[in-house]
Amino acid sequence: MSTTFWRKDLPTIILAFLGFTLIAQAIFNVKELNDLRAWFGLIPTVIAYIAFGVGTVYGVTAEINMWKRNRTLKQGIITGSFFLMMALMVVVAVLYGGLESWRKPEFRWYLLNIYQPQSQGMYAVMFLYQCGAVYRVLRFRNWETAVLIISGVGFILSQIPLFTAYIPFMSAFGEFVAKYPSLGGTRPANVTGAVGGIIVALRALIGKEQGTMAIGGG
Amino acid sequence: MDVVVLGKLVAAVFVLSMLSLIFGENFFFKWGTRVVVGWAIVYSAILGLYWTDFYAIKPILEKADYKWLIVIFFGLLMYTRLSRRYAWISKYPISISMGIGFGMILPTWARAQILDQIRITIVELFSPVSTFDLIGRILVLVGLVTVITYFFFTKEHKGVLGSSAFIGRLFIMSSIAVIWAGDYLWAMSMLAGQLKFLINDVIIGIFLRR
Amino acid sequence: MGKEQKNIWEKLGSLDYRLVYITFILLLAIPVVYPLGLPIEIQGNVRDYYDTIKNLPRGSVVLMHSFVDLSVWADTGPILIATWKMIYDEVVRNDLKIITYQSSVDGNAKMADLMKGELKPSQTMINNFGITWIDLGYIPVGSDATHAIMNADFTAMLPTIQHNLHFGTEWRGKPLLDVPILKEVAKRGGKPNILEAHDIDLLIIGYWGCTYPDTLVRQFWVAGDPAYEVTSVHMTIGNCVPNVVPYVGKNNPVTGYVAGSSQAAMLEILAGHLGEGAVMADLANLAGIGTVIFVVLGNLSYFGIKYFAKKEED
Amino acid sequence: MIVLRDNRLWDILWLVLFFGLTTYYMSLASKGKGIPKIRTIAALEAIVEGVGRAVEIRKPVHFSFGSGGAGLTGEAVSETVAGVGILSYSASATAKLGARLIMHLPNQPESIPLLEGTIDDAYLKEGKVGEFDKANDLRFYGTGMMVFAAAASEAYIRDGCALKIMVGRQNTLQYVHLEAAKLQGAIVVGGTTRWTAMYIFALTCDYMMIGEEVFAAGAKVTENPYMLNSLQVEEYMKYFSLAITALAILLRTIGVDIVSFFRM
């Protein structure tokens, strides 16, 4: 067998085989196929969970290299805190329940007081950045931006008590925009999105999709 | 100082660290980010191990369900990526995932995302509750048709197709605008929630009453 | 940069972004300290959400996803709490059967906290835990594949109950069909003695990933043999509205939805339990004014440069 | 015993029709026939320009799939695959012109081999094996969408950013780091078919790919006759959808039950 067979053809065959099996299951009601589907459904999830370590390796090496490139006090504090945090988490995990540790209150303390505030802080930044964009982007340059401003700002105001209480048509306008013109854009976007996706899937099952071909390495 | 108060102070530090991004480059933001990245990497590792154990290892040990050994084997092949020489082997688990991914979605895709959209548009078109509603529903149909014409790639947008695609773009903009507006309101609640936390819980709750 | 002199219109259009940011922080902070308390108008979709739950036939089975994602709790928490309070009333009034689950790790933990505090059930409900209602705990569902498995047979996705609540009667770790309510529900429609989507009358589900409505409709409405056609009402965030709306209607997959904390305030008013939603709706008022001001400023600058700046040059 | 499921007529029709058409067009492609002209997609030209600019101002090119944009299940697979096409195109450009590429890996470890392999292949094709510095420039940030957004923003501040490309199935939270790249003075290029997240590109991008354009772009960059020919089938599918719409309106007008028509 040639290297191309092992590196390109066989994986493509496996891909197509699994795909067609599941298509058959969706069309025909066969007990064996139904059982197989229940198992198949979990396989990508489990593979994804097992593969966590690949990410861990890249995450850690990138941090070490940041320190190697930039050996300053500030970077030292950052890299030090990074590994201190990891070490703390590992200690907590080992002390409190091992694999079950993420359910434990000790672990949840980190979730509630570090991860959650960090995320929410970023959402707050996102809002402020959007305010900047409101000021920069929303100008009546042409028909398209005009529609963007009228629908967008109109909908925002229709959700705020101050405006709905004192401008009589505000609430109705917001409902109108979401219900008709916006829907007129969302539905076909769903349709065409599916069209594009289906074609990729068909190409992949036939074995002509270039995007699934990457192998890399030696 | 008890654990709850300490937690609130730590939380405040991280909120402020992230908010400091709006003032541009600063050490406080870089530090906060990398600390949380460290946390997130360990967290994903623990969850990865836990669910591997839950779905694959436990069935083998407790129910002698040996088919999971195959899955674990293919999952482990992912790690060949770390070696330059054997990196190509990692294509196998990827192909399995993609094959299952395509197979699961393909049979029902057209029905749920294409036919159902068309069906609901037409059913609604013929069952308006008022004249105003009817006009709105005709508008949706116009949007459906014109936006699809915007996505024709093999023809230049000129003449009738040009005008239709232009109208389609207006519908696209309206749709994007409403999504953005919803997100804007949502992000606004998030900032409001943080300000509430910082003012009520931290400044008033901890610093002023102690 | 320093060489060219900016005219007033250009200056108006190129304010430092930090000024914009600080203005908005102030506008949102003021109502935190001094609440405004403006009246709230109830919108159609929230009324439909309320009516769907209110008008269920007596004894209906509701699958309730206790949607918690701590990172968006400020916006979605009020909806979940308002819905649960409404559900408590309906269990008493209309004898509903509630099966709840969480699809996130933080949700699992948060529900336990809520059930001890803000959402503490009545003593009757605590006694009936496992008989008229049950918390299945954390189920890692969300994708098409996982929903497909769960909807065909809950036990395939979740062999044993995983909840975190402690009400005396301990169901955690027991097989699903050992629990009286689940055993009873499994006997209903579709295949007997298999707990599946056919057994469910209404799905109350939350999410903030906006492609989820597509997944739900595919898996709870289109899929199944015969099709499940489980009606659902959704707890979501504002920007998912355009994704839900295509499916909304009287005989459609989705009969109502509540989006964001400002709409949670409306549900609170309908259900008669005022709470956090009303407070959050109040906070948005001044920021709304700020939004209008900055859009106007940007456009003044744009049209000023277009029509007046050129004349000055001449 | 093999039993056909109920209500599967449309699904079967759709699959058979378009499998047939795709296979037909593939066979045409192998003879070099029927290859359609694709209208210009500005974003693709902007990528090459942006890489050129990155070399001039000596700042890196950042590529990302967002925090969770490279899934291998559900509808995400197709978009991941299309995004991989654009990644391959961008990596070829950076390899050819000698710009530094920083890849922000999504929080889905299962797709890392695919993305890394694509970059490897692109550099191999340009004869620049080993010039992509994996130890430095493959970044992984663990779970959490906002962790990703913060960490990517931090990378633009730390390393600078001349061009930011983002494809894949995004969530709207990735807005933060697109805007952060914009504030760093980068050219921002991107697009998604996840319609909810489309606005983040509309607000920040200099060049964006709207919805289905991502799929077309992913096929166009390969310049592979098979990929291009399948775009023709894509057009037919859209014509078909329009035809069904017209037919359904007609049927409903003469009083046919549309609901059961679509349930077949």
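In order of appearance the chains are A, B, C and D, and numbering begins at 1 in each one.
Quick note on the criterion: a contact is a pair of C-beta atoms (placed from the backbone, for glycine too) under 8 Å apart; a residue touches a chain by one contact, two chains touch by 3 or more.
The model shown is predicted, which means the values in this text are computed figures rather than measured ones.
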item: Furthest chain, CA centroid comparison against chain C; value: D
item: Interface with the most contact pairs, given as the two chains involved; value: A-B
item: Per-chain Cα centre nearest the global Cα centre, belonging to chain; value: B
item: For chain A paired with chain B, centre-to-centre distance based on mean C-alpha positions, whole Å; value: 4
item: Chain A and chain C, separation of their C-alpha mean positions in angstrom; value: 19
item: Centroid distance [mean C-alpha coordinates] between chain D and chain B, Å; value: 15
item: Distance from chain D to chain A - Cα centre to Cα centre, in angstrom; value: 13
item: Touching two or more other chains - residue numbers and ranges from chain C; value: 17, 21, 24-25, 71-74, 105, 140, 143-145, 148, 210, 214, 225, 238-243, 246, 260, 262, 284, 287, 291
item: Interface hub residues of chain D, defined as touching at least two other chains; value: 5, 11, 15, 72-75, 77-78, 81, 107, 109-110, 112-114, 116-117, 120, 140-142, 144, 146-147, 150, 158, 172, 175, 180, 183, 194-196, 198-199, 202-203, 211-212, 216, 231, 234, 238, 241
item: Residues of chain B engaged with two or more neighbouring chains; value: 18, 21-22, 30, 32, 34, 36-37, 39-44, 47-48, 51, 78, 81, 87-88, 91, 93-94, 97-98, 100-102, 104-114, 116-118, 121, 141, 144-145, 148, 151, 172-173, 175-185, 188, 190-191, 193-194
item: Interface residues, chain D side, partner chain B - complex; value: 10-11, 14-15, 36-39, 71-78, 81, 107, 109-114, 116-117, 120, 140-144, 147, 150-151, 153-154, 157-158, 172, 175, 180, 183, 195-196, 198-199, 202-203, 210-213, 216, 231-232, 234-235, 238, 241-242, 244-245, 248-249, 252, 258-259, 262
item: Of chain B, residues touching chain A in the complex; value: 3, 7-8, 10-12, 14-19, 21-22, 27, 30-32, 34-53, 55-56, 67-68, 71-72, 74-76, 78-79, 81-88, 91-110, 112-114, 117-118, 121, 136-137, 139-148, 151, 166, 168-185, 187-188, 190-191, 193-194
item: Residues of chain A that touch chain B when the two form their complex; value: 6-7, 11-12, 14-23, 26-27, 39-57, 59-60, 63, 74, 77-79, 81-86, 89-90, 93, 99-102, 109-110, 112-118, 120-130, 134, 143-145, 147-156, 159-160, 176-195, 197-198, 201-202, 204-205, 212, 214-218
item: Touching residues (chain side chain A, partner chain C) in the complex; value: 29, 34, 37-38, 40-42, 44-45, 102-103, 108, 111-112, 115-116, 119-120, 123, 127-128, 131-132, 134-136, 138-141, 149, 153, 156-157, 159-165, 171, 175, 178-179, 182-183, 185-187, 190
item: Of all residues in chain B, those that touch chain C in their complex; value: 22-23, 47, 51, 100, 104-105, 108, 111-113, 116-117, 120, 124, 175, 178-186, 188-196, 199-200
